[in-house]
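Presented sequentially are two complexes of chain A, the first with chain B as partner and the second with chain C.
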Partner chain A sequence: MSTNTTNQNRSGLEKFWDNLRALPEYFRGTAFRTGVPNTDRTRSSFVFGNLFLHLHSVRTHLWSLKWSTTMGLGIITTAAFLITLITGVLLMFYYKPYPDVAYLSMKDIHFVVPTGRFIRNIHRWAANIMVVTVILHMARAFYTAAYRKPREFNWLMGIALLAITLAMSFTGYLLPWDQLAYWAITIGANIAQSPRELTDALGLTEYIDPGGLIRLLLLGSDNVGPEALIRFYLLHIMILPLILAMLMGVHFWRIRKDGGLARPVDAESRLGVLPTNTYPVFTQAPAKTYQLAAVVKGRTPLVGRGPESTVPSMPHLFYAELAVLMFTVFICVTLALISDAPLKELANPSVPENPAKAPWYFLGLQELVSFSAFMGGIGIPTIVMIGLGLIPFLDREENGTGEWFGGTGGLDVVKRATFIGLAVPIFIETIAISFGWIREWFPQTPQIIVTFINPATIITLAYALYSIYLVRRYNSTRAGALGLFTCFLCGFLVLTIIGTYFRGPNWVFYWSPLDWPKH
Partner chain B sequence: MDKNKYLLLWSSFAAFIVLVIAALSDNYWKDWQQIQKNARADGKTIDVKLRQIVIPELNTTDRCVSCHVSMAPGEQAMTGHNALLAHKSVVHDTSSFGCTICHGGQGLATEKDDAHGNVHFWPEPMLPKEFSYAGCGTCHTPLSVPNLNTLTKGKTLIERYDCLACHRMDGRGGTIRPDGGGMEGNDLSYIGIKGYDLAWYSKHINNHNEAQTGTWRNSFGEISEDDQKNIASFLSTRIGAPKLIEAKALFNSLGCMGCHKVNGVGGDAGADLSRIGFKDPGQLDFSNVTAQHTLANWLAEHFRSPISLVAGSQMPAMGLSEKEIELLTMYVLSLRRRELPSSFSPKDRAKVIQFKEREFATDGRTLYGTFCASCHGRNGEGARYPNTQAFPAIASPDFLAIASDEFISNTIRKGRAGRRMAPWEKDGGLKPNEIEAITKHLRELGKTSFTPEITPPRWVKGDANLGSRLYKANCSGCHGLKGQGGEGPALNNKEFLGSATDTFLVQTITKGRRNTPMAGFENPSPIRQALSQKEVEAIVTHIRNWKGE
Partner chain C sequence: MTEESPKKSRLDPEPIARRDFLGLSALFAAASTLFFALLGMLKLPKTAVLSSPSKKFPVVLPDSLATGEAFIPQGRSVAVFRDEKGVYAISTICTHLGCVVKNNPEGFECPCHGSRFSVDGTVTKGPAPRPLPWLKVTRNGDKWLVDETTIVTPGTKAT
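So, the complex of A and B:
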């Protein structure tokens, strides 16, 4: 830049020319006000000066960056959500949420819209990946005991996010308006109506019918029709994503406010010598913790800690996050290229699919519903949700936080619980499939007895008893929680596999779809 | 961190490659794009773009013309790919009808397998080429179609009288011009729709008489009145779908409608066939069909052996020839009857649905062929299928000699409650004049007239106890201990007992029915003695004691 004096002598046109030439640099300066992030200071301001990055801490602990700490599951889930968001918006340009027309617009997306089918495939795969990774992410948080103080509330946020992720996926399932969608949603709505089994058994349905009300609220009518479609559409594209985005914001913000990811007390010594090409900062004991100590109540997460192996988030964390994001994108687009999302015949209310199956992540529930609608549809899911939510409030132990299978019992309990968790449902299912259940043995049994004594409740009870046994044996709530959570995952797995692969027409057990009776 | 950088680099790079592949395959590598790129019209290339015919009233969007470009409205003949062949000339132009309304398939699709509908989850695959005429049935219902014999006769007459010398019909004939120079005769292929001068014969014969030499003199001659009628009946079926008419004529000869309803007319024992051609192959059991899994092959196999495809089916295997099976398959495939907006609803359908006009000709022979032939035999000889009751030989001269027209038409009208014979005066049954025509036709089949009885309807007064014993010994084996029927017809039947006279019964027992298991009892057989007149009357008395429950 020329000096002021020479500048004054230049003509207006020359000044204009100078400004024009300096434009790119000047623009860069206004957009990225802190300059190139190559010092501790600029790296910090790069993070907090940016709306999208400032949810991150400016420094990240090396423990958090270890691949084994998180396996990137949270980021994969977030990435999958972003992918569904972008592809979903693209699909909305063509999708028409009205019966029959909806199906035709799906066909148009498949056959005419350039890469329409590909985009729909990406959307579908990303949604499925999101459901899988949100469950795995929860398992990670559980097994590393990351839910403990001060992260109890964030664990609850996580459970809410799990529920909303499932709801997002479920509401999207109806939109193609094909036979698969129509009957899956019919089944789903009937699961939602399951409290009626209890009110029926008690003879209360004509006075109070919460099951029917839930179903009516969900479908907006007695059957899956235009009202249900517009409801599901609105939930899928607006209401649930907004709630999800909001809760995600809270979830991320709390990670930071709760002191980053959980890590063992002795994380520093476990990390050992830092690699040479990292850019550590504050390697000496900090003179102060850089917190607004006067404003923040209680002790900040850093008080009482020694020197920490933190590195600037820019670039360490962001490269890691971007890498996981792009890897997720790669997986989604590759799956989308090789495997098409299903689209069956136009929905036909007079030709039921047999078997009509809910989306795969609800097939475990559908399996339970086949024993008792109330227990499978409402009772057990409620117990599981409450149980999951209570974990951090009951387990107040401290040993093992931030470690895989940390805490009392540890991997030992997990291994044994895996065995129990798999064996119990397989055993009970074998009995139910081979010999039937109470209804087959004593046809006159009142429904209320079947509602409370059935394979679903027995599996749940067995899990609960085993967990209580673990609490007593190890004298530790964490041991019980480890057992219960492992059992829950195993039960989910077994029931989902049975529901997906071994249930045929009329929900009868078959070893293979090849054995299904023909129409 | 380096690992992350490499992961970022490689996954970005790989994702980018996948995106490029997806973009290319969707935008440049599609089959229809390749076909259009290689297409040449008059040696020139054509615009590469998605082409479609949208008919909002029919709710169809047919993208078939993206590959079959020459068949699109306003396009000319092209070379470069088999798909580019032009459509043969038909009455319906593609611009106002599209493709799928006739051919079936998935018009929305832009890839071959999807478009032709040979994929899972598309309930309406394309009609196979050899059954293309079945597509007409989507909207049309050919009217007054005679039985196959009559149709073939009409066709033979047209050939025999050398009509095809001047006229074209269904792509044949019309080569000689009268007087070597004048106009050739008009095309008869669509004459059933267009109509024709009813005075054609007198004009033709005049020309013939006036001409001294030449084609009029040589190629035309007198035609008998009967033959004129046959020709007229044949011409009324020339609506541009000769193969479909032939198929329907066969249908009207096999007696299918004795059990099946089509468009509200027919029996109730079998499935309603009005929309059977739209059956979703995905919902059918193909485990006993060895041929390719198409609806046509399923139907053909079903005609060969109904019970092996539909568990518990009552339909007998009719013993049809392969040629007949092919024709029948075509006709059944044509039973589609799609919902249409009024602007697309053809007259013939309106006549059948709204005005209850007949799809079949109403001469006795066709009516018999349409409703009766499957059970009573194509010539009234009776029939017997495995696992069903035997059906009476109603053209037996022995029967016709003693059965009055009233008895026969009464039987058709009221049926036989509890047996397979339906009361045909029911809704969707036969009109009185049609029943009369069938009765007449039976007389023609059996070539026997009724000898009026001189006795009153009830005159027999025999020994009921003797009759009961004799009945038990001689009749109950076939007709049942209580006359409920079995191998033989039910006798303890209200309608039967009401209309059968004593003479009818006595004669039947005495003379029997030739060529059926019912032997005449006036003669002894190797296993029993003859019955005397008194004993026969005793049996009739015993039968008369039943009330017909």
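So, the complex of A and C:
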């Protein structure tokens, strides 16, 4: 008040000078209205007064902050995405999406552009880390049974994010326009066309050809050329990142709306003695059940459940997230300094790279398509995606939610399923590698039989049957889901390792790259 | 008019079902408009004219070309052969996933997933779903015209 009165006595020029001096302070006040977050009240408004932070809830349960609850995998994935975003935009300064010129611009980035090689390495490592952590994050959510009510929809969002992450990586793989890129994309585009294998076998291709249409839309031509490159570029830098960012927003927002991370019903007692800076929201179980009629379905999350052990998200959650972000940056930078992203010779459409290998996380798929293009490349991935998506809708049990390997069967089922999940593909692959398959035994076998009866479909069928057996044996859908998911991870692992380390020229099995024929 | 019950006055509320019907029709109209508009937009990325080079091209075979030896025209994925019965061309694009197969004395071999084909293009091993197609060859003076768009029955040779 006193300043106001003095202000009135000052001259216009003096007021101007005062305002100018107060500018930084005043500006800070308009941007961050809440002030320093050092009380519960300012800490709360710090979160909900900020567009980016308010995806988080104001207070975080201590269970969610335990390292073993999430291992930070979701945040690492997000951090890796942010790193690819920033490094990707930097790479766009020099990259030119046109055949041959693209390759030259990659060479420029590698050899001429200041820090270009370093930035590209970080981009490539962050993308790889994102693929790994998105899979591990899914495994975490599955094994802690976090997909259950009310988080079913968010599990589906997660599956969509996994698919888009893989698509982002795959579209980025073409851009260097080297031999590796060209042939991986040729194979990928033909996998997209492989529904033809089925329509051909049924004699329908001239009437309905979904495979050909998908390939045409993807490549914009009948071979991998300038149109394909610009399309993959557009998908990689614009369409897919936009969809990804949007779905990430939904994914994070739903975590809050679904009541934070999943935790056991007795999380409070398990946490033991609480730190001194925490206190329950309600000191006693309230006698009255509060309900916001017609606005919130059911009871509000905090009411009626008695004391809860939450701490303010600022600083507890945000500092933890920042630490994970810094850790991810550290890992990416270190890997980028140690190992260069590969760049082979310029793409040559008349001589395939031998062996032509896709990025490592697709080598399991490539192993499957080496038995049948359609079942391995489209049929089984579709079955797997639908199977993963159905998990929360088929397993509606409640025991063990929020606990590692929680639910009926638990770790016991996981151990058994690990054994089956590793043994089945190793056994089937051994037969296929040592003795060949139906076509080598009976050369006249029609294609439709090779398409449906091959190592890839038999492994899938064996996993499905084993999972049904577990449902019956333990009388529990959770046990079946544990078995199926564990088998899926093991199958992915075995096939990826075979594809990566044991396949040489002409996709022949070799114990070591040292045994590859010289050419 | 006076006999009509007051319930039927136009001032009384409409039966709710009718409003629902109108609302739902409007919603359906909007949704289908947007859906078909998006579907129509897909016509843009569906390429009408392909930029790839012409699929019909002339080939001059060297005199030294022996029976069973493949001649691969520059930049093409076609193997042209000549024997005493005539000239024939076999596509070298693997019918599995589109890699270019390599010719050898026993036939063809795909580097990507190990499909093998005999000298006439029949699948002998691996995941390839169809044999390598034979392409139409016609004589044009001392040149041979290969047409990649026309597939002929295996064994058809041009003289």
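In this text, the second predicted complex is superposed on the first by the 492 of 519 C-alpha atoms of A that agree within 3 Å, B and C clash if a C-alpha of one lies under 4 Å from a C-alpha of the other, contacts with A are read in each partner's own complex, and residues count from 1 in each chain.
Operating definition for what follows: a contact is a pair of C-beta atoms (placed from the backbone, for glycine too) under 8 Å apart; a residue touches a chain by one contact, two chains touch by 3 or more.
Given the structure is predicted, the values throughout are model-derived calculations rather than measurements.
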Request  = After aligning the two structures on chain A, examine chain B and chain C and state clash or fit.
outcome  = fit
Ask   = Who does A:Val351 touch here: chain B (first), chain C (second), both, or neither?
value = both
Ask   = Touching A:Arg439, do we find chain B (first), chain C (second), both, or neither?
value = second
Query = Thinking of the overlay built on chain A, is A:Asn190 touched by chain B (first), by chain C (second), by both, or by neither?
reply = second
Ask   = Touching A:Phe111 in the superposition: chain B (first), chain C (second), both, neither?
value = first
Task = Applying the touch criterion given at the start, work out whether A:Leu217 contacts chain B, chain C, both or neither, answering first, second, both or neither.
result = second
Chain C versus chain B, contacts on chain A by residue = C
Key: From chain A, separation angle of chain B and chain C (C-alpha centres, steps of 10 degrees)   = 50
Task = Determine, under the contact definition given at the top, whether A:Leu322 touches first (chain B), second (chain C), both, or neither.
result = first
Query = Across all Cα pairs of chain B and chain C, what is the smallest distance in the superposition, given in whole Å?
reply = 5
Inquiry  = After overlaying the two complexes on chain A, where does the chain B footprint on chain A coincide with the chain C footprint?
reply    = 351
Inquiry  = Per the contact definition, I'd like the list of chain A residues that touch chain B in the complex.
reply    = 104, 107-108, 110-112, 114-118, 178-179, 277-278, 315-316, 319-320, 322-324, 326-327, 329-330, 333-334, 336-337, 343-345, 351, 518-519
Request  = Spell out the residues on chain B that touch chain A in their complex, using ranges where they run on.
outcome  = 1-2, 4-5, 7-8, 11-12, 14-15, 18-19, 21-23, 26-27, 50, 61, 63, 106, 108-111, 114, 120-123, 280, 282-287
Remark   = Touching chain C in the complex, chain A uses residues 183, 186-187, 189-191, 194, 197, 200-201, 213, 216-217, 220-223, 225-227, 231, 349-356, 366, 369-373, 436, 439-440, 443, 447, 450-451, 454, 505-508
Complex interface listing, chain C residues touching chain A = 42, 45-47, 50-52, 72, 75-77, 96-100, 109-114, 123-127, 129-130
